[in-house]
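These notes open a run of structures that come right after.
Okay, so chain A shows up in both of these, paired with chain B first and chain C after.
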Partner chain A sequence: MATIRTRSRGREMLLRLSAYLTILVALILTLFPVYWIAANSFKFDIDIFAVPPEWLPRNPTLKHYDEAFIQRPFLRYALNSFLVAAGTTAISVTFGTMAGYALARFSYPWQWRKQISFWILSTRMMPPIVSIIPLYLFFNYFDMLNTKSALIIAYTAFNLPFATWMMKSYFQDLPVELEEAAIVDGDTRWGAFLHVALPLARPGLAATAIFCLIISWNEFLLSLVITLTEQSQTLPIGIAGRVTQYKTYWGEISAAGFMACVPIVIFAFIVQKHLVRGLSLGAVKG
Partner chain B sequence: MASVRFDNVTKKFGEFVAVHDFNLEIRDKEFLVLLGPSGCGKTTTMRMVAGLEEATSGDIFINSDRINDVLPKYRDVAMVFQSYALYPHLSVEDNIGYPLKIRKVPPEEYKRRITEVARRVELDTMLKRLPKELSGGQRQRVALARAIVRTPRVFLMDEPLSNLDAKLRTQMRAELKHLQHELQVTTIYVTHDQIEAMTLAHRVAVMNRGVIEQLGTPREIYNDPRTLFVAGFIGSPPMNLIPGEVKDGVFASAGLRVGGAGHVSIPRAVLGVRPEDVHVVNPEDPDVNLVAPIYSVELTGENTLVSLQLGGRLMTLRADKNFAGQIDQRVGTRIETDRMFLFDAETERRVDIQN
Partner chain C sequence: MLKYKGELAKSLQPGGSLEHWTERHLRYLMLAPTVLILLVLTIFPSVYMFYAAVHRISPNPDLPWEFVGTGNFVRLISDPQFHVAVRNTAVFTIVAVALEFVLGLGLALLLDRYIRRLSFLKTVLMIPMMLPPIAVAITWKIIYEPQFGVLNEIMFQLGLPVQAWAGDVNLAMFSIIVADVWQWTPFIFLLMLAGLASLPVEPYEAAALDGASSWRQFWDLTLPFLKPVIAIALLLRVMDALRLFDLVFILTGGGPADRTKVLSLYIYQVAYRFADPGYAAAISLFVLFVTIVLSTWFMKRMRLAE
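Take a look at the complex of A and B:
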């Protein structure tokens, strides 16, 4: 008995060790680029390309932050990004939630629930670049090029199907008796949605919101085509703009890039608790 | 004060007929149990009263009001769900108070009624807890409290006890019966458990395939089953149902002959007899109906269930707790002919025996 126990304990240790090693490798792979951006943002241009690499900034400087956020309009880009992402997320989550609820709960004649759901999803099936020229012409026609509203509309078109599907599956996982109980208790359908379904769907809301937020915050292609002015361009475009014909401003790119990560990370930390449950959807019953 | 009436109510889901041409009047203050196997339409029938399903045709009345097109909130019924359907994000107090809050009951009365109801179901010390912090029995009580907090016209209960363990179920059953007696509110109770039906109901409606097979008091249903289905569904252990033939008042099946059925003849018949109406007798006894080997002997405590091998099937009888027979031993039995039933296997209806 004793030998068996020691052997299995040794095995256990080995398993645990290899698990930690795997996690460590994964962490280095994912976090090193972030660290490298952060480190470079505090280095002088000459040190960024030092051989051998300078792992820690030897002469830390805030020079690139000054260039990006004081001398160049990166604060403006950040504000644009924030407004566009917030607007898109608010609209997508609001309407996605209601549409998702309707698809999850209401009865439809024939196979319409399936058809409508698929139709909504199908708008996500083409590569976004396919719709760029029509969108450009559309916004041009309505004189909306170079506006944040155009970006919000375009991003919502991409985020809404996603939000709808996510909330639909979330509502489908909520036991329908809870809303039925509310209705028999004297509430209206809308009341049951508001008082019972919506509070219980909070994890789903949080997960959907952060996905919408990340997608619009990081979006590059549409913003590149639709916006040209400082008043409307978002951070990714601003950052890419520092790759110029003659020189790539790595320091500025690093400073702005690092700062661009911060809001999303903070937001993810805030909703993390809900996020885990939202992502596991049906796996964990609330 | 409320009676509920179904007039020719039919409910279809697509092509499937869940409830077929249903007629029933539930009297004021009555405790009516809808009893039947799963899929017999009993829950659908109840949900139509709650307003959670719409009748495909026919009329449903509460008192003299036709409620088919009335929104659930104006029907003034309360429902206890099988899963309890407690709002998981609300405390016990808020769960119980939900119907009052929706009706904008003033705060002092709100407080008073919740305290009163909570005390009645012994939850007064747990008002601040969340449903997940309660035991099964306590959750059940919250669901009940939420139903009685506003004295509705009709209570609807959908298998409210089926998620409880056996001991708690017996206790809650008694509490439910007492509560209904005290509150005097018309109650429709759905269950597939015939013991619940027998113990709780003023009247039982036994349902099968969307229709009522028989409606009557528990005693009538037990002592006077009108159909083969009711005979087989009610009673534990169930009634022995033995196929055979009746010729001029004598039932005959493999190894079994029972007389005393007047002068009826049924080519394809089923004999029904409850385990307690079959007695062990000496195989040599002159009025023995059957001599058969014992298949199993089960002591339940108050008596002994004895199964006999009869052709390819078993016949169960309830013997004295001191019954000492052994497996494979041959015993004689006598059937109480005035307590037996004969059914026509074609129509599945009972055939009256005139003596």
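Take a look at the complex of A and C:
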């Protein structure tokens, strides 16, 4: 008996050790690429090209940040990215919250609730490449190519279904009794939504907004097609523009790429409790 | 269900009848903006694309569209570049999603009991999938760089032959897949952890009493319980993999020798580089068709719309 127990305890120790070892390896594999782009952004060109690679920047410099953000218009790109992300988030969260609430609370004739939910979700599945040609021709026709409004409209197409589904799942988690109590106390149906349900759903609202910001901030393909100049080009387009057939500006793209990642990492930590739900469009509640 | 108290009193107040009407139709009014916006943003492009797909569209905007009927679709059948793009997309989707799934599920099973208390580390492991795909692409471009890249330095230290990676005909697709696996394995891992956390305890206690091996428990209990979460994870990953663009655009540009030319990139090239939007619309319709079939099949199976 005793020998069995020690053996199983030994096995448990081994399992634990291998688990912690795996976590360590996973952490290194996860963080090294991020570290590497950061490290390269602080190196002089000659050190970026060093063989063997310089694992720690020996002569750290802000040269590439100056090149990208002061001499080249990366600050402008970042501002465009932010404005577009904020615009589409405002639209998507406002209308998505109302629609999500309606789909979570109200009943509709002819199974509309199910049909509409399903249809909204399916619009989210539509690959952006499929809509670039009509969107391009459409914006061209209305002379809106190369504007931030065009980007906001295009991004709303995939952020709005996302926001609707997220908010639907948050409202479904709230007990309906509180709203009923408010109505019994004389509040209107809209008032019950505005004064009771909405404040309770605030954490979900914040998480949804942050996810919309992240999705827009990261978007590349639609921006590539719709924008032409720095007046409306977003950060990913600016970065891709410094990878040319003849030369890649390694330092510059490292600096800009790293700066593009910083807000995202901060956001990831803010929404960490909501990550599962956000990434599964509200389908899995973490 | 919900009764409006003082309904009558409200409708008698000045302006009350409008308020009353709003209240009665609230369920439609709250849903209407979203439905209208999405109708304009999705139905309109789809219809417009059908229209574009049956025309030859000149890059010169002053020239009228020429009706070609099914011409663009017939071209699809005999276009070798299109076939290559379909094959590359299929290979990428199957291999990348399979690797991410096996790795993500394996890691979740191994680490589930140990990482629950380490939620900070969990968030750190989640970072890759949140990052801008363009930043991920340039990061791997620096790592793969044949002359001074880190990967070749490691190969050299291990005494292995250095490679051109994204520039090598045989390794290019592999390089794209590795970058994608790096970014998206955490996604599967996170969803599987959430699934594991919600498993009931009793069936396992019963199974342990019956002396079921942990392998049997995995096949007969864990996997069936995880099925809904697995379905969602796979659906979202497959849909994402089908639209792969950013990584290829930066790392290989579809080369070398079209080995990484995927459908999204091909549509982009046809529409803009070859200035043939009509034909690009026809390819887009093919992609849309595949997406709708796949996602409907998935969503019906897991009853996601419930």
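Going forward, the second predicted complex is superposed on the first by the 246 of 286 C-alpha atoms of A that agree within 3 Å, B and C clash if a C-alpha of one lies under 4 Å from a C-alpha of the other, contacts with A are read in each partner's own complex, and residues count from 1 in each chain.
Criterion: a residue touches a chain if its C-beta (ideal position, glycine included) is under 8 Å from a C-beta of that chain, and two chains touch if they have at least 3 such contacts.
Since the model is a prediction, treat every value here as computed from it, not as a measurement.
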* Asked: Touch check for A:Q272: first (chain B), second (chain C), both, or neither?
  -> second
* Superposition-derived comparison: chain B or chain C, residues of chain A touched -> C
* So, does A:A182 touch the first partner chain B, the second partner chain C, both, or neither? -> first
* To do: For A:P57, decide between first (touching chain B), second (touching chain C), both and neither.
  => neither
* To do: Give one of first, second, both or neither to describe whether A:M126 is in contact with chain B, with chain C, with both, or with none.
  => second
* Asked: Between chain B (first) and chain C (second), which does A:I37 come into contact with in this model arrangement: first, second, both, or neither?
  -> second
* To do: Tell me which partner A:P73 touches in the superposition: chain B (first), chain C (second), both or neither.
  => neither
* Asked: Which of the two partners, first being chain B and second being chain C, lies in contact with A:P199: first, second, both, or neither?
  -> first
* On chain A, what residues does chain B touch that chain C touches as well? -> 180, 183-184, 186, 188, 286
* To do: Name, in rising order, each residue of chain A that touches chain B in their complex.
  => 175, 177-178, 180-188, 191, 195-196, 199-200, 286
* Structure fact -> Contacts from chain C onto chain A in the complex sit at residues 2-6, 10, 19, 22-23, 26-27, 30-31, 33-35, 37-38, 41-42, 44-46, 48-49, 52, 61, 107, 110-111, 113-115, 118-119, 121-136, 138-143, 147-148, 150, 153, 182, 186-187, 190-191, 194-195, 197, 229, 232-233, 236, 239, 242-243, 245-246, 249-250, 263-264, 267-268, 271-272, 277, 280-281, 284-285, 287-288, 291-292, 295-296, 299, 304-306
* Asked: Can you list the residues on chain B that touch chain A in the complex?
  -> 50-52, 71-73, 77-79, 81, 83, 85, 87-89, 98-99, 102-103, 146, 156
* Any idea which chain A residues touch chain C in the complex? -> 16, 18-20, 22-23, 26-27, 29-31, 33-34, 36-37, 40, 48-53, 91, 95-96, 98-99, 101-103, 106-108, 114, 116-123, 125-138, 140, 153-154, 156-157, 160-161, 164, 179-180, 183-184, 186, 188-190, 193, 214, 217-218, 220-221, 224-225, 235-236, 239-240, 243, 248, 250, 253-254, 257-258, 260-261, 264-265, 267-269, 272, 275-276, 279-281, 283-286
